[in-house]
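Take a look at these structures.
Two complexes are shown next, each including chain A; its partner changes from chain B in the first to chain C in the second.
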Partner chain A sequence: MSKPKNNSRLGYFLNDYGMIVVLLVLMVVLSLVTIARQQPTGASAGKNIAKQINALKDPTEFLLITPQGKLDFEIAQGIQQHIDQRHTLVNSVHGGPREANLAIRAAREAGKKITVIACTSASAKWDPVKNAEAKKIIPSSYIWPNFLMPDNLVTIAQRITVIAIIAIGMTMVIITAGIDLSVGSLIALSAVVTGVLIRDCFGGKDAGTLGLWIAAIGGIAACVVVGFSTGFLVAAFRLPPFIVTLAMMLLVRGVANVLSQQRTIHEIPVAFDVLGKGYVLGIPIAVWLMFALFAVAYFVMSRTTLGRQIYAVGGNEEAARLSGVRVKRVLLIVYTICGLLAGLGGVIVCSQLRSAKANYGQMDELTVIAAVVVGGTSLMGGQGKILGTLIGAFIIGVIQNGMNLIHMDDKTQMIVLGSVIVIAVLLDRIKKGQVKWSDIKNVFTS
Partner chain B sequence: MQKKLLRFLVLALIPVVAVACQKSSTNSDGDNSAGDAKKKVGILLQTTENPFFNDLAKAAETELGSEYQVIIFGGDKSADKQAKQVEDLINQKVDALLITPCNANAVGAPIRAANQAGIPVFTADTACLDKDVRIEAHVATDNYAGGKLAGQAMIQALGGKGGNILVLDYEQAESCQERVRGFKEVIDAHNADSKNQNAQIKIVSELPSLAEESASRKQTKDALKSNRDLVGIFAINDPAALGAVAAIEEEKLQDQIKVIGFDGQESGKIAIRDGRIYADPIQFPKKMGKRSAQFIKKYFAGEDVPKVEMIAPKLYYKADADADPELKNKK
Partner chain C sequence: MTTVDSPLLRMSHVSKSFPGVQALSDVSIQVKAGEILAIIGENGAGKSTLIKTLGGAHQPDAGCIEIDGQPVQLSNPIRAQSLGISIIYQEFNLVPFLTVRENIFLGRAIQTGQVINKSAERRVTNELFQRLGATIDPETTVARLSVADQQLVEIAKALHTNARLLVMDEPTAALSPAEVEKLFETVRELKSQGIGVIYISHRLDEIVAIADRVVVLRDGKLVADRPVHDTSRRQMIELMVGRSIENEFPKVEHATGEKCLSVQSLNWSNRVCDVSFDLHVGEILGITGLVGAGRTELVQLLAGVETPDSGTIKIAGQPVRFCSPRDAIRTGIALLTEDRKRQGLVLAHSANENFGLPNLDEFSTASWLNLKQESRRLADFTNTMNIKIASSRQLAGQLSGGNQQKLVLAKWLQRNCQILIIDEPTRGIDVGAKYEIYLLMNELVASGKSVIMVSSEMPEVLGMSDRILVMRAGCLAGEIVDPSSATQEQIMELAAQ
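Right after this comes the complex of A and B.
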């Protein structure tokens, strides 16, 4: 591995986390290709509309027509706060085109001279609004990428939460030169166990907070047991992790199917949404949880004995054993952690969708492994960085989100995602100076 | 090292900027006519693997016409993937969503998100069972009525005789549960009516088909080992029916066992023409797509839209297939 020539902090940082450059490039690309007109929302949209109406010479009687989104209701307030006395807001309608139609007719029939209709860019497209004989005023737009809208950035963080959290455990497992294919099935198991507990033990839709906690812990505990068993089989019998976890993948998926009787478990109270959909300071709770877990994992991997031991086991198991590392215990711990985090992921999915089914998390094990590998962790073991994995997860999330934003169909998305994974891993190799021309030549000559 | 990186960055940015310039110039073209901008409709399909959904989407797109920009995504039957697609479409501020849910309950979460963003939601095929959401209209096949038709076709196929039959179900989908419910009701009524012991139709086994060909083939083969005397099979969709047909033909029992399918996909219709499947209650995905699109247009025109519309299925026999212009020259 080549070390950077200058010993600056930036140099080391880029050497360790070179993938951040790929992430930034992707973000720049997607920002440029998703540039679009944006309108302010909420109260500021109202203020903007009020200003435009205030600029009109004659006093007007006007209508406000918006869809019934959460933020649309604040537009009326914004208008009322900033509108001049000489203008009258006759009626504000929050609904669909039908309601708009009725309101326009009612206002006309009541003898109001509606000269202006204030609307959003969405309601401006409705036929009754479009065809009404009145000046339409929409909040003035500005140019900004769809990709970089705050809502979209939150969506990206939210879409990778589950993958990223599980990828923490997967990184540890892969650093010990192992692999865990069972995490996708564990998502299903955890969701189903949580769902079944809520439905059958805590009263379904009427379950209290305590019951929800116990159910969630139950779901996670089931996965901890599976993770522990995997670790035990790998450590005690020296079975290849690939085979053990492949078996677990099937076994756990089967158990989840049996437990749920192949039905969707939907008797889950609204309160359970908090974990997946609750917000603190504008960021979903699950996303805070993800960042917190990464902070803890970063500390564990770089500052604690256990972290050093995990790297040692993957680097050279025999040398680690001879220098006093309890290899089997380390293996047991990493697979258990991986199971635990997969269980947590399952609970989050269950909360996000407010339902549980045995087909959740299918193929997610591969996305998790991809995030880890793109993040620069070597499948050979001994090398890898927790924060690299976070970057890897973001790269995958950004690509998936970006491809949806530019309307790429989902089959082409597979091609792009596959190619990006190959390119990312190749770039990482080249950057670390691990690619030799002679190796490439030897493929064809020897 | 950093120099190299810098060079790499600059190189990478050139095509990016080129693409972006092109894109943004087309964007500004579109915005010149911002007054009557196209309405964007996101169509979310359960899967693009099943032609049923592709037909539905295409018909909807055609019906919506040039005033609408249509974005189509397939959800690979994953509720989670579909939820994420809906969220990405909300971020693009689409004007309406037409969803064929991957999961009748789990689809509630993304629909709620669309509701909060003020985007109208229409559903087709599978209904959303989460009552906590606002849906403008739902268009679906009357699966229960279809199941009853399948039952009548089975009685007809057996020609007044009874015997043991097999049902290949798919309990994961509520629509398929409805089909089996309707089927069983007709068979039970038939058994109650006919005093003749020989005319009794008995469902000896009900196996999961996974709604696909290979699983159904295996299930049918296994069922034939224990029940060599089967006289009929009802499969909840065409891929499952074709799997059953494949197993029957491998065992050379095609003269003994009659198969009833469901859906009326092209492969199913061809099998009916060739006499391999007796009959299908057929669904009308194109009609479903067309009706959904009409409702979306009505909605934007400010007209009333019915909350639910059920499209009645129809039995489709060999005679229908022989006369079907769409099947000419198809193998």
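Right after this comes the complex of A and C.
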């Protein structure tokens, strides 16, 4: 409600998206707290080893000994790309101490003068390696926050994708002064319908791409039907959204249980992982999808007639109706969109876990609402920003991730998350100048 | 105890500033016991600040307040109340779903132990209403009372806290003339009981009728403090505006054209009964009557807010049937409601969002908004209509009443509606802005549009209409074809009976 202090673009931006400051502060704090010695892995480890060997005066014949792992070949490749001609990589071994021992002996017997053994910090501790008469070279470590490791950042994004995508629909619903408590159950419904379709109609583990598409669309369609029904009940009978969606939450969870017969559906092909775990340009596909949906939603809310009407219905329903806005239609659309996005979220969960179960998404409706509220959307309706929700989702994701990084236990995490939500909305109120000292005093005095 | 020479309330040299605004500067007023002091001024003149200072909601920067000659600190609303100052705001502080008695005793119940003594409370309530000369059942739910009766409950509540100074902010805004008369009787009764009254109103007729003295505020300063019987209506207006005005109602006579709207035997529940009339191109048709006479309901039928049970509405000779406001808007009928804040504007949204709301079709291509076109059109209107807004992103709720009304008018003019129905066009709008709204209405009809003006203010209806319809109990009670030679008594006779 307050006017920005200056009318510049930055002023409006900070007024609308002040939470971004909170997010940045959180990220800085977590970066500082999780600073640690990092061991390079993969190709960069290989490059590092090659550099150290290149620095030696004499030509060497050397071995590479690493534990079994998914990035070992990349170490070897990295070495070969960067090593000077005068050095020779005799053999590279990926395995345990036994394989290392055999390889060292085999090289010696073949008449190679092994003067250097390249290894990782783990394989350097193996007895055959430790006892070998050769110089051991391990990739030199560096200082960098665990929080800012690329893998970790992708993990955060991946973890909040589902919450953030559903929060788009929730933001729209809350802007119309409504609420949707059924989204957590819709995740389960969508996952279960998708899983059942794959298992029973498209051949389970042998399902083809087309079948997977149809199953996923089926899961989403089920949620669209539920969202549409919610919207219809709210618009046609003027029922309070809280009650309607509370009922839907129970009803839909029950249906998901019945459909899955309370069993986990595992008969899903590996190909289905693509949506949840596939990468394009180093970023998971689901994360791309999330960003794309936020871009679309941003433009819908700020630049289209529908967006304007959604805000108007929440800001003053009567004024909107008298201005010719079809209020009931707007409500119907908004709840349907929310159902659709919850359905999409369910399909992503199903893909990430390659299974479907009726207990998916429990309590997620609350995390979604928290993300929306932390993002600055008012539960009174009429106020809120889509990109604020994205920031809100990230704040919650970052906090959860940070607590995992510092090995906080589940119970403490709940306490912290609850406190953070309260503090975030309080900060928002204070920033907008809506908090008066006299109001606080009045709680006790009048 | 009250001494003879010290007045009930004296405020001396009170100043109060907010960031960027000097809301009150060096204002001194006094009220004697049993005196009715009227305070008038345009919106933003400092009336609200003055009231809030009296009510303990604001602390003055300078100056002092005395009660019975004793300096007091009105540090909070409860302190002010305990010193006998009671304020009745435009929006009542009543809990709608509690009874009259429960409202009056809210927070100070008569108790026997922990149990509320209902019969004692009922007796006290009846005594309070007796003092006011009113008969209201203490056990009625407040929501079921008329606005006038709710106001009496507010007054009773104030008396119950032993109020000696009653401040009334626009008490008649939602009352019909008959109810206003009843309220005046009550206020006079209070006066005779030695209670001081500060009466704030835009309606100068009322001030002439009820007040002993009038204080005029302009830009936070006191510009006049004189007995009402020495001050003419025109003088009051000139003092408020700060310049001389020639004519309160700048009516321009002009010819009207053919029928553009024709209503036949319109009925709706039992609030609109068998109403028929025509509206012509270029005409300002005034509709008046007591509150509850069905005026607002009638125009709601015309604007598609409600659907009539029977009867026909013809636009340019073609029968139409509206199922929603949207239908009416599409045929060129716009309704500017009496309650701008609840029905006309989305207060928490910006000026341009409000302006664009009925015009989204026009400002968009395939649903994609053309924001530049929107703000350019709004800028055109703010220039031609002299709407004072800081930027198109300013929130509608931050505008003054007059500018809000202009903004609502602008959004319907952009829609190019041929028939504008304006319910209470100048309610809550100060004198200067009123005049501008009248000029705009003249321009509208001159450009071939037609206006239906619903109003409770008799001088306004008489001064601006080409023709007047008077409603009573849902029916048309009569028509005044030549308002320039009609009188308020004529209208009242038709409206009351």
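Keep in mind that, in the parts below, the second predicted complex is superposed on the first by the 385 of 446 C-alpha atoms of A that agree within 3 Å, B and C clash if a C-alpha of one lies under 4 Å from a C-alpha of the other, contacts with A are read in each partner's own complex, and residues count from 1 in each chain.
The definition used in the following text is that a residue touches a chain if its C-beta (ideal position, glycine included) is under 8 Å from a C-beta of that chain, and two chains touch if they have at least 3 such contacts.
Model, not experiment: these values are computed from the prediction.
**Q** Overlay done on chain A, so just call it for chain B and chain C: clash or fit.
**A** Aligned on chain A, chain C fits beside chain B.
**Q** Just to be sure I read the superposition right, which of the two partners does A:Leu32 touch: chain B = first, chain C = second, or both, or neither?
**A** The answer is first: A:Leu32 touches chain B but not chain C.
**Q** When the two structures are overlaid on chain A, which partner does A:Lys436 contact: first (chain B), second (chain C), both, or neither?
**A** neither
**Q** If we overlay the two complexes on their shared chain A, which of chain B and chain C does A:Arg238 touch? Say first, second, both or neither.
**A** neither
**Q** Under the stated touch criterion, which partner chain does A:Lys411 make contact with: chain B (first), chain C (second), both, or neither?
**A** A:Lys411 contacts chain B only, not chain C.
**Q** Classify the contacts of A:Lys57 with the two partner chains as first (chain B alone), second (chain C alone), both, or neither.
**A** The answer is neither, since A:Lys57 touches no partner chain.
**Q** So which one touches more of the residues on chain A, chain B or chain C?
**A** B
**Q** Taking the superposition on A as described, I'd like to know which of chain B and chain C A:Val270 touches: first, second, both or neither.
**A** Only chain B is touched by A:Val270; chain C is not.
**Q** Nearest CA pair across chain B and chain C in the overlay: distance in Å?
**A** Result, nearest C-alpha distance in the overlay: 15 Å.
**Q** What part of chain A is in contact with chain B in the complex they form?
**A** Result: residues 4-6, 10-11, 14-15, 18, 21, 25, 28-29, 32-33, 35-37, 66-72, 96-98, 100-102, 121-122, 124-128, 130, 146, 149, 151-152, 155, 158-159, 262-264, 266, 270, 273, 277, 349, 352-355, 357, 359-362, 400-401, 404-405, 407, 409-411 of chain A touch chain B.
**Q** Which residues of chain B touch chain A in the complex?
**A** 1-2, 5, 8-9, 12-13, 16-17, 19-20, 23-24, 27, 31, 34-37, 39, 48, 71-80, 83-85, 87-93, 95, 103-106, 108-109, 115-120, 129-130, 132, 136, 171-172, 208, 299-304
**Q** Can you name the residues of chain C that touch chain A in the complex?
**A** Going by the criterion above, the answer is residues 76-78, 303, 305, 324-326, 329-330, 335, 337, 342-349, 353, 356-358, 360-361, 364, 367-369, 371, 391, 393-395, 397-398, 411.
**Q** Could you please specify the touching residues of chain A with respect to chain C in the complex?
**A** Interface residues on the chain A side: 1, 3, 7, 12, 303-306, 308-309, 311-312, 315-316, 318-326, 382-383, 438, 445-446.
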